[in-house]
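Some structures to go through are shown next.
Look for chain A in each of the two complexes below; its partner is chain B in the first and chain C in the second.
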Partner chain A sequence: MSLSSIARLTGAAALVGLSAMAAQAQTSGEPIKIGAIVSATGAGAGLGIPERNGLLLAEKDINAKGGVKGRPIKIIIEDDASNPDTALSKANDLIFGQKVVALLGPSLTASTVAVGGVTHPNKIPQIAFTGIGPAVERERKCVAHVLPPQRLNAQALLEYAKSIKATKVGVLHDAGYGNVVMAELRPLADKYGVKLVAVEKFEIGATDTTTQAAKVKAAQPEAVFIIATSATPFRNVKQIQIAQPVIAAIGSSSYEYVNAMGPAADNIAIPEFVVGEDPLPHQKAFVDLYKQTYNSTPKNYEAAAWDAAHIIATALTKAGADATGEKLCEAMKAPYTGVLANYNFSADDMTGIPISSFVFSKIVGGKYTRTPFRVAQ
Partner chain B sequence: MTLSLVLQAIFAGVTNGIVYAFVGMGLSAIFKGSRVINAMQGEFAVIGAMTTVLLLTKSGWPYPAAIAGGVLAGALVGAFIEVAFVRYMAKKNASEDSFLLLTIGLALTLSASILFFIGRDGHLLPPIGGEGVLLVLDAVIQFHALWLIAIGIGATLLLRAFCHRTTVGLSMMAASIDADGAATTGINVGRMRTYTFILGGLLGALGGILVTPLISVDYTLGLNLTLKGFAAAVLGGLTNPLGAAVGGITLGLVESLAIIGISSSYKDVVAFSVLIIIMILMPNGILGRAGRRGG
Partner chain C sequence: MQSRLLWIAVALVIWAALPFFVPRNIADLLVFTGIYTIAGLGIGLLLGHCGIVNLAQATFYGLGAYASAYCTVMMGLPSIVGFVAGAAISMALAYVIGRPILRLTGYFLALGTLALSAIASALFFEWDWLTGGTLGIGGIPKLNLFGFVLDRPSRYYFFVWIVAFACMAAAHNLVDSRSGLMLRAMRDSSTAAAALSVDLQSLRTRVFVVCALFGSLAGSLFAHHASFVSTQSFGVDRSISFLLIPVIGGATSIPGIVVGALFVTFLPEFLSKLGDIHQILFGLALVAVVVLLPDGLMGAFGRLRTRLAARQGNHAR
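Up next is the complex of A and B:
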């Protein structure tokens, strides 16, 4: 290579560098690396893809607002293919290979528990896109969660039942997510004075739950809870003409499921957090930016990932980019008003979301509408 | 347990049973004609249903034409798989396990391609006969489900007539019972095998299209259908497509009656215990003996 061509290349490199700096306006210096693991493929892709969108948007937003004390952040996103083993090896690579300062994700509980086994002993702050899972997670004081524990989801269902004065409730739930929520729902129901008149289970991926729905109908409930991650039970409930109000757990709140429900989605009530069609005032900026960027309406998982990225950026700003994991952890443990909810990571369940953070939506003509009902703290 | 609940369970059982039967019949038609256990039979259903959805919503075809297009797509994919893979492997005397591996691979590939090209969303088709329902003693059955049952029974009878009355059908049967013997009488055994794949693809696609107004079709549906269809086919006697129909309805009914009789938590335990007992008492399946005689 001749000297002149080297000079030309250097000049070009300088130009590229300059234009990159112009695009990022206020940030400069080595980017702070943050790792993220999502389930972009496999069974959890319905969570992982929205989460990835939320992360990318948050990275752009944080850097546009000056990054962490002027230094840009770089979120390195990996896909665990909905597999805890893969999540673990990706976490090892991010922590020890890429030397990230913190880890966001994963999308699924099993993967979160697996990854916590690395982040916890190595004192790497982690913010998982799950609700707190098995007992071991309570000891992991630096693994925060941006989604509510299943107990809170169960409570939200019962709060809504109470608001419509339903005391006899039938439940249709799947054998995975549904089972976990159900375990929390049973003891809580008594406290709310709700009698579970029929509890029917179906396997994950069941193509028909008509008979279970018929059993629920025969028990003559005043409302029906559906705790599932598929559209099938919702369609079956309408097919056998259950006219009572249907309340769905947050797991089935996505456009994908609502589309698959077709006309059966109408009038279903869902306790959740983000209604993109009618956001709460503090959610509006995020929803507008999301719509502008992706040309679609965000829901809960996009907001959860967005919050996680902002929480870690806030902690980094407070503790300094070179702070140890422990210091960063301490900085994280403060109340934080997010788009999804109000968090407090010093709470026992590592999330601190109050029930008052829930909003209750209803599906009307395939679209979410926010109802005025909220639970007072 | 009330009468209307039992009736509701029977309606659901028969409806599901017919869906299992469609997948099972295709599976057993292919097994009978080629000794290939087709682990991608449920994928034919997804291909048929997805093609119909796309023709109907994206290309604006009238519904009957879109259904015909979907069925044709299933048949074409069936033919393609035989010509492109099975024929070549059969020439090399591939073992039954290799064929099984081939179809498992194809199932995963097709499912991933649907995810990549069409997306994650579930799709629905409009019900045949409208959104209406028939009310019998408080039990509900959709008009579409009645159509599904009628078409299912019709398809089973047609299949039987095809195998017993038409020259092509009889040649296919002959080629499957004794390939060498059939070849000596001038039957093109290779072509007959292509026909069985076309038949399997056609039945699978038709089943998929008919189920899509009831449950939404997405890229993950195939494996579920294959498993149920396989259970139906084995229960009825894997070598007899008619047996798969009987097996499918048996499976559907046992499943739904187990839910009301015992508990939905033990549905699969009860259903599969019954299946195991049937298989112990009738190791060749309910209609397995008839299958040996040619169905």
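Up next is the complex of A and C:
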């Protein structure tokens, strides 16, 4: 490297540093407090910890870019220990004690619905890190969701099956998350011309699902859907040598599960949103910043939390830091292009994520590779 | 006597004033303390007076909560119907299950109740047509007393605690009654009690049914407070935390149940400020209480009082 190029690089680095400092220096005044509830401990920690990372990074990024009209934001993060009762107490503290202007999270559906019982009547905007849950959530027009409804997850599985021309599909699903997706999958399968030749359910936390996997194999499907939050069914499917393509729902897309699957993870296809190893152009800045900060590759939940924080900051910039909850809520409803997906919170499902936001990855040697397949809107 | 009355009056004034002076999240925790006190009372009766370890209280708590949720949300019935339906189903189930399993004793009985809790937890998941499964049932209305809506913790606090005091009075009467004497006789020596023609099984079943009633009441109160019920609130872990209430507070003491309920609601909240290790710290605190204070916090308090009184007596001499 020549001296002049070193000088140019140093100059550029200094410029970036200075501009960052200038941007940081722009924030002044009392921070705008935003509350967040995640499941950092307990059964939901696999979601809550990445979400907390995403929130902390977003806070840093928003403040480095001048905050909200020059005022910094402060995200106060609380842990609900994966317990809806605790989430309720934390929400009361954040809203009435700490006087936050909006609430991000929680990580789990039960906590989200419980917290919505406080945010909705008190007109506090909430952006949950879950897909829409029971019917009552459709009435809560200021409780937005940054993850897709289960119907959309079911649709994405079927789109992939259609793309590989599989018309006979076997399903292995757990009794919790898998059951909810399955309820949406059944009526949709007919529309896609897909016949569900075997549907086998297993208990949450089951340590062996070989019997169910064998029944699916016996039905001779052309592809197998696995809808669960566990690595066990993937290992069992490999053990009994099911050779057909395996398509996993987003629930088991984290590195944690893929590592637990071991060699059984190879060739599994997953409809999801963020492939950190090969991000889409609009995801690259987030992925690079995340890798730089945490020295690891982000996935969907980090991006969902990052998006939620940016959406609320954008709404605050638009409506003003002192805007009422209702005004903030209105501002939040404008279409937003996020890292995870494109959102439109005025949609009926309080998410508005289009199927075209999905990317489809395949696991090769424990790493995710993004396939060229996308669904047009 | 007069000083005792004065203490009671002061305690009542503090109780009545508390929700007006504490932040909303503390009022919310006090509501949960009341709810857990009711659920813990039943366990305390079984543990302290019958020597039975009940690990199935979350089942009755769940039945009460789901009955209230289903009756009000799915059927549009008044809240009282949910309370009554939950109590009736819980008591009937406790009777039917209690008759056979209460023949067991010691660890086997504890395991029997644990099995009941595990089965109920699985059914709450599986019967999603009734319970909403993983998604649960949301939109449970707040209680409305003659047009006065109990829609915030400071209001609900009074209702929950009045119910809790009524349950405490009922438990006190039971312990002080002829049945209470029989219970203690059975706990201390079941053979001797049987020789005195105490019908052990019937007595145990009756207390198990009362315990289920308290559990169901607590569950219905929880449903109307949280406005949402899902399987996550009624797992085996919840049964264990209910059992901790009398173990920590003191199983034979009714005020001890309140102390135990305060411990399991407030301590995790305060420890959560210390970061992700809060659950480990809570575990350590539990171990410390169980090892150092085997008869609970109220037992330790009682011993301290006796020791102080003895010391004062010595000084007087």
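In the analysis below, the second predicted complex is superposed on the first by the 353 of 377 C-alpha atoms of A that agree within 3 Å, B and C clash if a C-alpha of one lies under 4 Å from a C-alpha of the other, contacts with A are read in each partner's own complex, and residues count from 1 in each chain.
Note that in this section contacts are C-beta pairs under 8 Å (C-beta built on N, C-alpha and C of every residue); 3 or more make two chains touch, one makes a residue touch a chain.
Just so it is clear, the model here is predicted, and its values are computed rather than measured.
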### Task
Report clash or fit for the pair chain B and chain C bound to chain A in the combined superposed model.
fit
### Query
Counting only touches as set out at the top, which of chain B and chain C does A:Ala110 meet: first, second, both, neither?
second
### Task
Go through the superposed model and pick first if A:Val364 touches only chain B, second if only chain C, both, or neither.
neither
### Task
Based on the superposed arrangement, let me know which partner A:Glu203 touches: chain B (first), chain C (second), both, or neither?
both
### Task
Using the superposition on chain A described above, determine whether A:Gly262 touches chain B (first), chain C (second), both, or neither.
first
### Message
Applying the document's definition of touch, where does A:Ala81 land relative to chain B and chain C: first, second, both, or neither?
### Response
second
### Query
In the superposed arrangement, which partner chain does A:Ala214 touch: chain B (first), chain C (second), both, or neither?
first
### Task
Please work out whether A:Gln241 is in contact with chain B alone, chain C alone, both, or neither, and reply first, second, both or neither.
first
### Task
Figure out whether A:Gly97 sits in contact with chain B (first) or chain C (second), or with both, or with neither.
second
### chain B and chain C, minimum CA distance [Å, superposed model]
6
### Message
By the touch definition above, which chain A residues appear in both interfaces, chain B in one complex and chain C in the other?
### Response
203
### Task
Please name which positions on chain C make contact with chain A in the complex.
23-25, 27-29, 32, 73, 122, 125-126, 128, 132-139, 151, 153, 222, 226-228, 230-233, 268-269, 272, 276, 278-279
### Summary
Residue positions on chain A within touch of chain B in the complex are 45-46, 49, 200-203, 205, 207-208, 210-212, 214-215, 218, 231-232, 235, 239-241, 256-257, 259-263
#### Entry: chain A contact footprint on chain B (complex, rising order)
2, 4-5, 8-9, 11-13, 15-16, 19, 120-124, 131, 133, 139-140, 142, 211, 214-216, 218, 220-221, 224-225, 228, 255-256, 259-260, 264-265, 267-268
### Query
Residues of chain A touching chain C in their complex?
40-42, 78-79, 81-86, 88-90, 92-93, 95-97, 108-110, 113-114, 116-117, 121, 133-137, 139, 175-177, 179-180, 203-204
